[in-house]
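So, here's a batch of structures to check.
Below are two complexes that have chain A in common, paired first with chain B and then with chain C.
== the complex of A and B ==
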């Protein structure tokens, strides 16, 4: 009897606390999703201009997307989109390779400068990025990458060149892979490189996904470096500059809803990449060590 | 980006060396080329500048010219204005073999782009006159002299010339004026009504961007408040204090309490014109197309009205500036660049700019053309420049004006300014805008 009573009140209490927690979570989820939801709504809004008196648009249209991709004479969004996509793909490949290689070295190899190097990397990571932007511009100019089509190369370099120093998270992950696996492979005659791509890489899918996603997103969200390096060369603008320009005084009235449409569009490649790679997040060490 | 900083920081030593040399180079060249740029036209250095207008007798030059304009000027939607003009310019000068390349820079932010790397900047660019504040210290803009200077002075109103003159030197060929004026709905306000703001407020809702410091001084200047005496004396102060300023603040407190008055913030004015809740607003020529589309037949625009302060009529004044074609102090071909600037500022060029993009001309002979003079927009803007504006000061201490004034506008809107504290807050604002926050 007594026992049942206790379980009953426990159940009730659990129900109440669950309800409260879920209500709070639901409210927070709504708050978080709200701005995104609003951008999506705005991208379908038929009324022009940036100022509206109601949350929900009075009428809906696809014209914002059509204008964004067809009205290219003043702000060439498709071209900016293509630029950014190209830059993102290349810098994603390069920086993923850099990060994984450096992490592997730091995790598996032992050499004299290892500790000092890791400390230096940590300290360098504390400096804000834009500190170097003018210097970076002049370096790129000195090697002839600041004009014309080379701007794309310059941006790929900028986004991927220093990525190797961001090895901390991946290194931490590699450290969790048992060394016994490596040793077994060495006994079977593997070289270090073979251990890297035949043993370590297949076991590190979650961290590869993470690295790929962050390095792919960099070029889409970076404004400062793109602005400094592209300067007046509108042909090589990335979406970040394009979206910013849509909000300038001359354009904001006509382009505001297109701006929202553009914001929705740039989330598409990132979302696709995430959905494709997401399933690897859950994989990992499962089944690696069979005792 | 995160990764970027690391790479860059690693290369720090290299960076330092490189930027040091780059700076060294920069410091040397502009000075000498500025000299070249300014003397080209005053003396006959090069021996060809006196004949720029004529086609013959020029030495043959092969050069690359980089031209920066807003993207509309390069757009096929607006008739490829700059490309067409440059081609026509090249035809006028058969001895010059010019390869043009174009970059995009809006007039309002061109100085930042130029200052980033003065050597790689455009030879010829379009700028708003306030950009001179940044361009001159960077030694990035060439003085316009000689025949071109005379041409500019003869063909433009004094306001236009003054807006580009610093210490007696001219720094650009103006192609349009830049100011704001009044748009209104003709079905609501008559020609008589629009002469006075308070009369208008009785008939319909008027919106004014009171939180924007580019607009706010309009009322104060009307009641005798001044900027640096005549706007050019850096030793003088901005004088919004005393009775004259306080009276206007009190007027604005009442204005904000008027149900027929709406604060225009975040483009709410245009939205109100579209949905009919606002009948008159204040903006510049960039809003023309949107407002014209919204009002259609009832579209009206005019110079600024007066307002009634304690029974007296006071004129509102807007800031006026100009947009001009500037020449880089670092250009290798100053005579070609200056000739192109002059060509782009010529009446023919201004006319085609107006036809393609509604850029209101400022050439005086072009403005007296009847067809031009009848155009509502042209008339409104030019009446404003001529009658109801002051030149926007662009001397360095003016930099302290903007932020305190934006904030004062916001206090007004938020109701923090009342009749009780109007005197105190106006004085505080006056002190703030005369206080240097950042040492120039």
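== the complex of A and C ==
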């Protein structure tokens, strides 16, 4: 009798705490999803301008998307999209190569400059990233990359040039690959280079995918570097600056709903890539060789 | 000794020797053509002003370009980098000649050029793999950084028309920024104070709430774990600048939040999200929670599951409730494991440009001040350099940011369990 009472009250308590937790989670989830939901709604909103009188649009339309991709006279969104895509592809290739080779060296090879290099990398990380932005701009200008089509090259360099400093995650991953594999390969007469591309690389798929995706996403989500490098050259704007400009005072009345449409267009692919990347990231954290 | 590569050529390493020789020739050509000039200008940073000269023949004023101190400084520093590189090359050539000499005396095999190339893929793999990334880091990170740091010692600013020609002024700028009584100094200390408050709150609250969220999702009784996780991950999957810009428009006086609240009759006039200093500060911290909690949740989920279950079991037997277990077991364990992560987040928050710039833009800005009430050191730095052209002060602030961060990370790191007692939890 007594025992039943205790289990009964425990059940009740469990039920209560479960309900509380689920309610809190539901409220939080609504807060977190609300802005996203709202921007999707806005992108289909028929009335223009940023002033809203009601939460739900009065009428729905696809015109915002159409205007975004066809009205190229003022803000050329398709071109910005193409710019960003080109920049993203190149900087992704370069920085993947940089990151992988630096982290392999830091993880597997022992040489005199290893420790100093890692310390310098840590110190560099403490400086505000764009403190040197103005200087980078003048350097790029001095080698003639600040005008015309060369802006794309400049942006690729900016996004990928210093990427060798972000080696920590990949290094941590390489550290988990058993050294015995390397040693076996050396005994079979492999050079270190062969070990790198015949053993380490094939075993590192999760971290390679992770690196590729992070560096690919960089140019899409970066705003400040692109703004400093591009200045007023609207032909070479990336998507981020374009979207930002749509909210500036002179454009906001006509472009506000298009901004929402553009945000949706950018966010969907990025969100998918991000979720894929997360999967590989967790996989990467759990180590390379299992069993 | 003087002719680089001679030693190598003497020992039949002809291609290697020639390469060294070529480098030396190129270096001296560079020095003769522009290097020495660059260096000599570095002392004064140029003095010739831009001049107007009356051209009789054409009947117009012609402009004769004067010196541009900025370029002089940049080229001067680049020249110093080249010289350092050359000295390293010179050392390398001496070393390789000496090695060849020694090997010859011992009667061993001296590497041919082909052997050297092969070595680049084996013994010297780090050299071949690191060259390009290192070049990128030096040109795009270190060189600009040195350039900006040296700018802190000049009077390169809008003040007194020093945008084209400027001089070295020593530590004057540092004195100006650190001085409590000057206007720049006062702004600096108040911005620094807010930066630290912001970084502590942003880091601490994100950390604790993110952890609580992760615990709530992962606890036994919770259903549909995947769904909840997806909801929160979705909000970080959207590019940050997009979600921040959305937030900004939503919180405008006529934005969605105010309209919604007014339609519900909860408020009569718009809430001053970005116009009142205290409101703005709380708003940016709260929105940063919106941005940051899901990140923390993802980062800590795995670690939380590693906490030994016996600890919780024992606590339950002793009659501890959820709060006690959280503060006595979860938090200490997590702090122990994640201190490096916390330091990185703190650094990231001190340098959190995006959230402040895109959200409030530093507003509200008091009249006549260069920094707004929500400006961090980084956003202030941005305003000072890009908008206002006080480059020297901007550079000093960048350096101060670095100093603050270095001190904070060193002190916390030294005082944490993971440093003092590496095996405490094992």
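Simple rule for what comes next: the second predicted complex is superposed on the first by the 241 of 291 C-alpha atoms of A that agree within 3 Å, B and C clash if a C-alpha of one lies under 4 Å from a C-alpha of the other, contacts with A are read in each partner's own complex, and residues count from 1 in each chain.
In this text, contacts are C-beta pairs under 8 Å (C-beta built on N, C-alpha and C of every residue); 3 or more make two chains touch, one makes a residue touch a chain.
Here the structure is a predicted model, which means the values were calculated and not measured.
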Notebook entry, point to check: When the two structures are overlaid on chain A, which partner does A:17 contact: first (chain B), second (chain C), both, or neither?
Noted result: second
Chain A contact check, chain B vs chain C, more residues touched by chain C
Now for A:135: first (chain B), second (chain C), both, or neither, which partner does it touch? both
Between chain B (first) and chain C (second), which, if any, makes contact with A:254: first, second, both or neither? first
(Q) Going by the contact rule set out at the top, does A:185 touch chain B (first), chain C (second), both, or neither? (A) neither
Ask   = For A:31, is the partner it touches chain B (first), chain C (second), both, or none of the two (neither)?
value = second
Can A:40 be said to touch chain B (first), chain C (second), both, or neither?
neither
TODO: Report for A:150: first if it touches chain B alone, second if chain C alone, otherwise both or neither.
DONE: neither
Quiz item: What is the contact status of A:73 with respect to chain B (first) and chain C (second): first, second, both, or neither?
Solution: first
Report task. Applying the touch criterion given at the start, work out whether A:218 contacts chain B, chain C, both or neither, answering first, second, both or neither. Result -> first
Chain A positions within both the chain B interface and the chain C interface are 50-53, 124-125, 127-132, 134-136, 138-139, 142, 158, 160-165, 224, 228, 256
Note: in the complex, chain B contacts chain A through residues 1-12, 14-16, 18-19, 22, 68, 70-72, 75-78, 103-106, 108, 113, 116-117, 120, 122, 266-268, 270-271, 274-275, 286-287, 290
In their shared complex, chain C is touched by residues of chain A numbered 14, 17-18, 21-22, 24-25, 28-29, 31-33, 35-36, 38-39, 50-55, 97-99, 101-102, 104-105, 109, 111, 114, 123-136, 138-139, 142, 157-158, 160-165, 191-194, 196, 217, 220-221, 223-224, 228, 240, 243-244, 247, 256, 259-260, 263, 266-267, 270-272, 274-275, 278, 282, 285
Within their complex, chain C touches chain A through residues 70-71, 74-75, 118, 121-123, 125-126, 129-130, 132-134, 136-137, 139-145, 147-148, 151, 213, 216-217, 219, 221-223, 228, 231-243, 245-250, 252, 254-256, 259-260, 263, 290, 294, 298, 302, 347, 351, 353-354, 357-358, 377-378, 381-382, 385-386, 391, 394-395, 398, 401-402, 405-406, 409
Chain A contacts chain B in the complex at 47-53, 71, 73-75, 95, 121, 124-125, 127-132, 134-139, 141-142, 146-147, 158-166, 215, 218, 222, 224-225, 228, 231-234, 248-250, 252-254, 256
